[in-house]
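Next, two complexes with subunit A in common: one pairs it with subunit B, the other with subunit C.
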Partner chain A sequence: MIKKFQFREEAGWSHADEILLCLDTGSWRVERPVLNKEKCNYCGLCALFCPTQCMVDRDDHFEPNLAFCKGCGICANECPRKAFRMRKEGDA
Partner chain B sequence: MNAHARLLGCGKKGMLNMEGTEFNKTKIKVITGNSAAAHGAMLCRPEVLALYPITPQTEVVEEISGFYASGELDAEVVEVEGENSAMNIITAASAAGARAFTATSSYGLVYMYDALLQAAGYRVPIVMVNVNRETPGITAVSSGQQDMISTRDSGWIQIITSSCQEILDSIIMAYRLAEDFDIQVPVMVNYDGFYLSYLAEKVEVPCRADVDGFLAPLKDQPQRPILKPGEPMGFGTHGILEGYLELRYKHSTALERAKVKFDEIDKAFERHFGRSYGGQIDTYRTADADMVLVASGSLSGTAQKVIDLKRDQGLKIGLIRLRMFRPFPRERLIETLRGKKAIGVIDRSICFGWNSGPIYVELRALSPEIGYIPMMSFIDGIANMDVSVANIERMVRILQSASEGDSYQKVTWIGMEEE
Partner chain C sequence: MTNRKGGLSKVFDYFCNEDPFAEGLSPCPGCPLELALRLLGKILGSQDLVMTGTPSCSNPVMTGQNVGAWHRLTAYCTLMTGAAANATGLSRQYRRSGQDATVVCFNGDGCAADIGFQALSGAAERGENFIYVCYDNEGYMNTGVQRSGTTPIGAKTATTPVGPKQRGKSTRRKNLPLLMAMHRIPYAATATLSHLEDFAKKLLKAKEKKNEGLAYIHLFAPCPTGWGVPTHQAIEVCRNAVRTNYFPLWEAEKGIFTLTHQVKKPKPIMEYTRLIKKYNHLKEDELERIQEEVDYEYEFLRHLTEFRKCVATKHQTAGE
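== the complex of A and B ==
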């Protein structure tokens, strides 16, 4: 017996208004950005530079959605106030 | 452009060239294989064509440009800087719902290899003509099927034709097959470069009304998904794990469906135009034959002649002409070959690593169903070497001695061995 298909169409079409095929890229991460809220002035540069566009707007600061953040460290590199620090996954 | 002009196939550039294709009158012409391909494509009313010239396909580009200039072809014709772009353009155009066409050969085919795989993976129902020519490695501006063979696992449907008329007709059938809602797989129509590409033969050029009528059933099918402004859709999305597996599974099963579908289309074509080519395979005097030759492409005509000569001498021999190479017509080959005493396969290309012909290798995979009988590979016709009557007669002699129980050599490079 063949399992129920995930895709409605023959090819890999995804309906942007219903489902976009996303990879859980968070599982690839070696390091994760950790925010020091004290230093953040909500300028939004991290969100602009984030290649996976995973920065979530929290009204007074931005923080990464760790389900998608690949841990590339671009946010930490771009932040003028050094509000992000890259921490090795698994470390406290 | 008014509706009437569109119906008559008049383009932006002027009135229909009445010498070419009248709406409801079939024309008999003497044209080359390349010209037949261009006529076939034009009659299917492709909306986007991207073309780059390469020997021996160049004439297809020239002819299509002529149709465009005269107004017979009302389409977007894109001059590209290479074949890779050509394939990407028509893939994108097809994703947006257009009927699309391109033509290439050899170096061009391999230059678009990644795009070729994309088109198949995206399941865009495009049609491409590939004029068979030897591949890079040993630069050879000459005939051979190595280019087509090198793309056999790309997921395309591959059809091999053997006459100018069949080239034209197969392109029309190819659109019907590619665009069928149950299939949605790109189709490559192949013919031997230098032999068929430049050979002029009598060709019946169907009228537009007939081709429109033949392709009309496609309009009654459900709409395949296409990209539209204002309707966001993800196309060519990548996947991993089960998602990828599912798309591969669907693609592979669509190819399996394409086999019977192609037979049905061939029958429908016969009802419509009065010409039939047998669908997946074309058999000649195989019913009571003990020995069978399996061949494809332009050399099949010569092989047919040899079959007649040998039949006159009392030899029970027949010919299978392979028309569909991908998907491989397993069921019909088994049905035709079961119970035979010996099989010889003529290949115009090489399966490196097996030291034999590729079609031969595939046919041997059917041994459990056909029976363990002598099967021989004949490599011939490489790089414009003629597959002559004498050559095929030699193959038949080898085949006959094997069928009588003599020891035999599995692979013979005709032309490399002393006679």
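== the complex of A and C ==
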């Protein structure tokens, strides 16, 4: 949790000390990344380049938080081992 | 500083601060701008960060809606014409009242290169103490992909269409980072989102150098929606821009240039343009024209980096 702001002056009209605004960006997704754990060597490039920064660290691999993943596919494209594959939403 | 785990790369050390943004933000899928905003908070830390921006794609997120906020940073939104002047006022007030703040003026290329250029140039000349980050998506993307001063030659936009009389933008782009470096400010640099360690280092260096005067960072951030790039290739476009020398990575401290990432075998510009739909109409001779522009700009930059040796030897002889 980030500490309360340290400055005396505050500008603007929005309050950040309560719950933040948040969109259901998971519902935008048409494709979802699926990880092949055998190929993953836990380099973390997917988590670095993920624009929504929604990759959750699971100690030996990263897992996308599908509640906020927009399905852009950058993780699948940037993975040097091609461990992520994009699957159409709705497919098994 | 570090809280990364064993197997992960050292790059993670730069991104150890907590993400100040909410999980679901409004930028389009795959937008490098969202990555840039989140990493900015992670690199600089949100405790002493004061953001100021202008109407742009970043603005809905930075300002908030009604009384709701998307993030826990301090942000202030102003007009494009006075973006740098506004940041001047903020940084001066924080300094005068003895508060240690990092003021970051986060704008698009439309504000930095066209509308707000006089304020930016003025702030650079006066040596104001803030960081100016320009994310360059080569056009006015938020209002519907119009051309701007940094739109490259041959690019198709809403106001430079492709038809019988015109084939994309007919004039060359403004090299804004070079212009800013020519003010001989303490720090001017180019960065992109495929080279994250480089970006983080430059931001931290800018934070240090801003105590001497304006620090300027030009961040190359493609717009998947406006350029016609598939969302998953946004980072690849950044990487190919560096590899083809279209967007070389360099830094300049008080007019002394250094290349921070030297490309050994630059690829032909085709490697970059083939990924992007706004260049789809280009024929062989037009590609050659773009290649000439790129070669010229890179060669110019290379000569500037060699200038450093001349200065060094001059200082030596003066010392003797």
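The rule we apply is simple: the second predicted complex is superposed on the first by the 74 of 92 C-alpha atoms of A that agree within 3 Å, B and C clash if a C-alpha of one lies under 4 Å from a C-alpha of the other, contacts with A are read in each partner's own complex, and residues count from 1 in each chain.
Heads up, the rule we're going with is that a contact is a pair of C-beta atoms (placed from the backbone, for glycine too) under 8 Å apart; a residue touches a chain by one contact, two chains touch by 3 or more.
Keep in mind it's a predicted model, so treat the numbers as computed, not measured.
Within the superposed three-chain model, A:W28 lies in touch with subunit C and out of touch with subunit B [touch as defined at top]. Put subunit B and subunit C next to each other and count what each touches on subunit A; the higher total goes to C. When the two complexes are superposed on chain A, the residues of subunit A that touch both subunit B and subunit C are 2-3, 5-7, 9-16, 20-21, 23.
On subunit A, the positions that touch subunit C within their shared complex are 2-3, 5-16, 20-26, 28-29, 41-44, 48-54, 57, 59-60, 65, 67-68, 70-74, 76-78, 86. By the touch criterion given at the top, residues 5, 7-9, 11-12, 15, 18-27, 29-32, 34-35, 38, 42, 46-48, 50, 63-77, 93-94, 97, 99, 101, 193, 196, 224, 230-236 of subunit C touch subunit A in their complex. Within the complex, the subunit B residues that touch subunit A are 121-124, 184, 224-225, 232-240, 242-243, 246-247, 249-251, 254. Note for the complex: subunit A touches subunit B at residues 2-3, 5-7, 9-17, 20-21, 23.
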